[in-house]
Structures are given as structure tokens and as C-alpha cells.
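Before anything else, here is the set of structures, which you'll find just below.
One chain, chain A, appears in both complexes that follow, with chain B as partner in the first and chain C in the second.
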Partner chain A sequence: MGLLTGLRDSLSRVTDRLFSEQEPKRIGIYGPPNAGKTTLANRIARDWTGDAVGAESHIPHETRRARRKEDVEIERDGKTVSIDIVDTPGVTTKVDYEEFTDEMDKDDAVRRSREATEGVAEAMHWLREDVDGVIYVLDSAEDPITQVNTMLIGIIESRDLPVLIFANKIDLEESSVKRIEDAFPQHETVPLSAKEGENMDEVYEQIAEYFG
Partner chain B sequence: MPHQCTNCGRRFPDGSKEMLSGCPDCGGNRFQFTPDADGEEADAGTEGDSGATGEGADTGADDPAGDEAVGEKSGTVSRAAATVRDWMSESGAGKPDPNDGADAEPDRPTETEAAETDDRDPFAEWPETARPPEDRSEEADDAESANADREVEADWPDPPGEDSAQADARRTVVGPDELPEDAESATPPDDRTEDRPDHGRVVSEPEDDDQPSVDELRNELNEQFESIKIVEPGQYELNLMELYDREEHIVSLQEDGRYVIDVPDSWVDADE
Partner chain C sequence: MPEATTDGGDGVQIDLISGQRMEGKTSMEKVRMILDGVHEGNIVILEEGLTPDEESKLIEVTMTEINPEEFNGIEIETYPRPSSDSPSFFGRLMGKDGPDTKLTVIGPADRIETLHKDETLISALVSRD
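Let's turn to the complex of A and B:
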């Protein structure tokens, strides 16, 4: 009985994926810590559902568990795109509690560090198992050519996932969208400021086009 | 009898479906996997209690240079998978509190304490050691190293490098009654002291404080779970490719290097 139920479930999952245009695409928002992923997720969720996804902070690794906002419907040119937004912890190769000790005591910093590490493991797991497309968010005021960015975009490419690169924080003086475009010329780069809401029209157009 | 309920002791044959929804007798969802090769010794260790001294000694010794070591190696891979699977059944649906384990049992039993806790839960130590059996095969290959581990076990918090059968047998052998003086001197019987290596991979020495053992344990775990390296508590290095490539999912880290992981549904579904 268990076998039959399991079989039926997996068959229906497969047919859903094959035949259902309406099935929301699960879009993972990935990127290094403090690139503005949660700010972007909140901006999108607020614009289209009125709710937020999670807390934002200037301290890295505020998001330590993947958070999902389901069935976000984005309308563009009369077309409706339904996506699930998955806000993920910032991906990094090193987590050090000393980054946080200015902001909190050592115990909290150590705990934050451990949770952040678990969060990265979780984010990498979702990328493998549970994501239909990726919005890769970068801080345009930072150098985009890092080991993490190169590796993650490489993984995303190897999975043939549709990916949009968001050059966030264009409101900052040091911002350079071109640096990001040059670093990843094979992908569409969309400049924006999630915090200030700049260029969000293009953001939604591109989301509708890439993930619709 | 590869699987045994750690609660009521009920046994299940390999591949049994009965245990998939918990132990039919007591509802427990913690199972101990005991490879066939070690099955009998494990039985002796758990059921015989202190009476099984002789048999236990054999298991505890597990002559690293002998045939038994080779046998153990061959079963390592399947045992590793099964152990992880069994292990996961205990984490169930929720994300376990990293401190759960600490409440459930003495965190770092000394030799004597471990022996005393036998009556309550002979397998209590196993799920917490978080040391996949792969590494044991290396040790089995390396007689000196295995011996070295045994030499320092008395001072090890959670002796790695042994499965529950070995652990039980060892604890049974070096029970509190039989300790010549105190727990510190819980060295193997004299007839094996001549095997003690004067060189090789001696992972730690008991005369130091506990810190080196913990560091060493952490290092060993890092080698196995190379996806996350614990530099020190609160400092981690992550191997993103490894994390991405892993089928199972690490949901919780603990400072002594232990992990709680979640395995994919397919591992469970495959048995259904």
C-alpha cells in the first residue's frame, strides 16, 4: 500500500511538472552574505503580496534559514507569473564568529556563526534539490569575482537553471554594474536597488521573462 | 540480526520493513545497526553484561592485524549507509535541538561512567559519536593506530573508532570491578601491552588535559565530513562543492564536531 501510494505521488509530481504551466516556479535568491537578498525578497513580496519574508540587517548572516514565500504572482504585460521565492542564507566559504563580536557578545556570535554555517549547508542543499531558477544577488559596490560567486554560478550553470544576476545597491556611490556585467558576461545582469526600490520595473520584467 | 531497537531490544533482520514506522513493540524509533559479522559479539556484549567478559575481550581486542579486520572493512560501506539511515530515523520530522543528545545521556562519559550506564542504554553512546564507520576501516588496516586508540580510550570523551559491539565489549571487559586502581588506569589487559606502538599515529595521550582529545576528535571528524571544517567553535570553513554534492542535508552542527543530518526521502522510500 505504501508502495502504491508512493508511486502515485511521484507520478503525480512528474505529471504536474510536465503539464502544469501554472505550477509556481521555485526561485532561489542566492548570493554572498549582505548582498541584499532578504531586502530584495521583502521588496518583491511586499510589492505583490503585501507581506515581508524576513528580517533585514546590516550584520552579515541575518538570514540563517532558507525562507520561502509561496505563490507570489507577478504581473507583467498582462501575463501573470507565479513564483515561490526562497530567500537563502548568504553563501560563503568561511564563517567566523569574530565578525559579529562588535555587535553581540561572544556566545551569541558563536551561535550566529554556527547557525549561519548550517544555513549555508541548507542553501546548498536547496540548490541541488529544490530550485527551478536562481536570482543571484550581488552587491555592486563589491568585487564580484570571488571564489564563492564563481563556484555558485558554475554550479547553477551546470544544472542548466535559468539565472538572473542582480546588481544590487546601485544607490551606493561605489557601485559598478559594469564590473558585474564584465565578470559574468554570459548572464543577464539587472541593476537595481532593492532598498530604494530603484529599477524594480525592469526587475519584474526580467523575472517574468526568465521564470515565466 | 543487523537492527536492534535501542529501547526494548527487539531485533529485526536486515531489510526488515517492520521497523520503518517505529518499533512494533515499544514504538521506539532508535535502532542500532549491528553488522552480521559482529552480530554475535554484539549480542554477547549487550546481553551478557559483565558475565560476558571473555567474549567481550575478543571483540574489544578485535585483533587489528587479523582476519577480522579485513572482514570489517568489507562491510564498512553498507554499514555506513545503514547507520546513517538508522540514525536518521531518530531525528524524525523535526529539526532536532542540538542539545537533545546532551540531555539524553552523559555527554562525555569516562571509562567508568560508560560502564555504569550500560544497564540503562547499551547503545546510548553510538548515535552521538557521529563517526561513520568508514574511518574504522583505515584503523583496522593500521594495527598500530588501532592499538593506539585503545591505549588512550580511558581518557577519551566519546571513544570513536568503534561500533557499539566493540564499545559494549570493551566496557564489559574493563568494568569498574576489574579496574586495578582507578579509571585512569583503565588500560587494556597486560597481555596486549606489548602491542603498544612506540611510534605511529598516536592520536592523543591521556596524561594531558582533555583539550587535545577534543581537538583530535574534531580533526578526525573534519576529515570525514570535509564539507564543513570546524576550525574552532564559531569558526567554520565550508566546502561548497561537497555541500552541494551531498545527498543528505546537514541540519545541525554541534561544537564537538557532531552533526545532525537529514537524509533524502528516497533513502527511506527505497525500502518501502
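Let's turn to the complex of A and C:
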């Protein structure tokens, strides 16, 4: 009995180590449409794996499916942090196909809007069930106090998920990192330009510290 | 519903739903009640708002119900931060108050437009159709 109990405990310890401690944490990249989430995911993935995650576009809702890049190993201060990056569709409460008709014909716009709604629902499901931490990406040239941002930050906080706020697009003239810091003072805000690769050292330091 | 006011079909119906009416309802029942109202073109005002989990489900269910040319989704507004310990205006109006109350306004995206919002004011423009 003692032997069996000991064996079971040992197996349990090994299983715990294999499937929790060493399993890469899934870090969801969330935010409103067009904040630069995929550009950031691609920047991180290219820097550490050489591959991209998905296509980028100036048209909202280019990312319409959550996409996971597994085992991204980030090295900082001699330590290696292994994470899975989950690039998610931009979250919104409304999708109007007419937003896209300047860029494509009606059938494609309708298809894009249908896929976008499925993608947002999928992103919300991931947030409730499948991520261990969140990088919340905001366009620092836009007003951060929107209902979607307030709600999503509230949802993330209610789930006790570690969250970093990334103030993206600091290369733009209208960028204001302070506006984001003032809007969400309870969270660490990291300024960056994913497109230009500005301040990526601090980005990786913070990722390693928060999610390592 | 009893909270509803209507002018006979030509105006905008506003449903003010008290916290008491929401008590005991499951998350999905609350989401359903809100979206049924919004689908009819009504503006729904919740005295006590939703929990973060319920807000998450509201977004998810709204997305599954969006239908091009029929329903574009919702506009939703709450104050950006929880109210202070002092009784809110709406709380006093509804005869009760509390630090957790978070007035929430929800309407069809194509009929409601937020004009201004800060910690103490939500200003919205509602169109008839």
C-alpha cells in the first residue's frame, strides 16, 4: 500500500511538472480591431522563431480566427521563457459589412463580416477558457477609454489573468502613451512600435517578467 | 415588459430594468432578455449592469446573432470605473443604491451613437430607425 501510494505520488509529481510547470503558457494578444495585434505577434514570432503568425492589413478584421504560435522561446538575462502566442481577432460589439465595401465587393464584404463575428466569439471563448495571460494591445494614437476596452480589461481582471498593456504605434505623431497610462493606471503599460520594432527590448523584458 | 414605455410604435422604446428584476436570473437569461429587447429596436437600460463574465457572454452571443443587413450588433455603454460609495443618481431614482451598481445602456448599433462619455456622464444620440 505504502509502495503504491509512493508510486502514485511520484507519478503525480512528474505529471504535474510535465503538464503545468514546463508547459508553455498561452498568452493571448487581445485588443480592439486595428491596434496592431498581428503586427506584434509577427514581430515576436519572427524575432524568436523566424516565422510569421498571420497576414497584416489596414482593413479592420483581417484576423478572423485565433491563431496560435507554439513554443516561442524568449531569452532574457540568461533565462529562457517559453510561451505560446495566441493572436486573436479584434474584439468589438458590432460588425457592419458596409465598413468593408470601399475595399471589396459586397459579397466579399458580407463574407468578411460573417467571419469577423465568428472570430470575435472565438476570441471571447479563448479568453474565458484557454489563455494563461494577456497582452492587451492599444493604438496609442486613439482614445483608450472605449466601452470595449473597459469591458475587456474588466473581464481579464475578473479572471485574475496577468495582463500587460502595450501602447502600440508610438511612431505615429498623434501617439500618447500617457493617455493609456492614465486610463488604466492599475496595469503596467509598455510603449512600442511593433511595425518599426521600437522598444522591443523592454517588451521582451516585461514578457519574461510577467509570464515567465 | 412592465418597465417598458412606448408611444405607439413611432418612437423609441426604452426599457429600464431594475436590479430586482434581474435577480435570480442566470447569465444566459439576462443576455437573452437584453438581446430580445435590442432585436426589437429598444434601448435597454440596466440599473445594475452585468458582471464581467456576463459581459463576455453578451459579446459572444451578440456576435453569433449578427446578420448582415438585419442586425449589426449592439452599442453598449457603462461608466468606465465602478461608482464610488456615494449613492448614484440612478440608484436614488430606482429607490436603491450600492457601490456595485453600474448603470448600463445597450441598444442596436445602428440606432444608438455615443456622443460623450466620462466617469459621470453618458450622452447618447438615439435615432428612430
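By our rule, the second predicted complex is superposed on the first by the 192 of 212 C-alpha atoms of A that agree within 3 Å, B and C clash if a C-alpha of one lies under 4 Å from a C-alpha of the other, contacts with A are read in each partner's own complex, and residues count from 1 in each chain.
One rule holds in what follows: a residue touches a chain if its C-beta (ideal position, glycine included) is under 8 Å from a C-beta of that chain, and two chains touch if they have at least 3 such contacts.
Note that this is a predicted model, so its numbers are computed, not measured.
A.B. asks: After the match on chain A, would you call chain B and chain C a fit or a clash?
C.D. replies: These partners clash in the superposed model.
A.B. asks: Touch check for A:Met124: first (chain B), second (chain C), both, or neither?
C.D. replies: Both: A:Met124 reaches chain B and chain C.
A.B. asks: When the two structures are overlaid on chain A, which partner does A:Ile145 contact: first (chain B), second (chain C), both, or neither?
C.D. replies: After superposing on A, A:Ile145 lies in contact with chain C but is clear of chain B.
A.B. asks: If you stack the two complexes on chain A, which partner ends up touching A:Lys94: first (chain B), second (chain C), both, or neither?
C.D. replies: Both partners, chain B and chain C.
A.B. asks: Check the residue A:Val137 against both partner chains and state whether it touches chain B (first), chain C (second), both, or neither.
C.D. replies: neither
A.B. asks: Please work out whether A:Glu157 is in contact with chain B alone, chain C alone, both, or neither, and reply first, second, both or neither.
C.D. replies: In the superposed model, A:Glu157 contacts chain C only, not chain B.
A.B. asks: Output the chain A positions appearing in both contact lists, the one against chain B and the one against chain C.
C.D. replies: Residues 91-97, 110, 113-114, 117-118, 120-121, 124-125, 127-128, 151, 155 of chain A touch both chain B and chain C.
A.B. asks: Under the touch definition given earlier, write down the residues of chain A that touch chain B in their complex.
C.D. replies: It comes out as residues 2-3, 6, 91-98, 106, 109-110, 113-114, 117-118, 120-122, 124-125, 127-129, 148, 151-152, 155.
A.B. asks: Quick check on the complex: what are the chain C residues that touch chain A?
C.D. replies: 51-53, 55-57, 59-60, 62-64, 66, 68-69, 72-78, 80, 109-110, 114, 117-118
A.B. asks: Help me check something: in the complex, which residues belonging to chain A touch chain C?
C.D. replies: Those in contact with chain C are residues 91-97, 110, 113-114, 117-118, 120-121, 124-125, 127-128, 145, 147, 150-151, 154-155, 157-159, 183.
A.B. asks: Using the touch rule from the top, collect the residues of chain B that touch chain A in their complex.
C.D. replies: Chain B reaches chain A through residues 227-228, 233-241, 243-246, 249-253, 255, 264, 269, 272.
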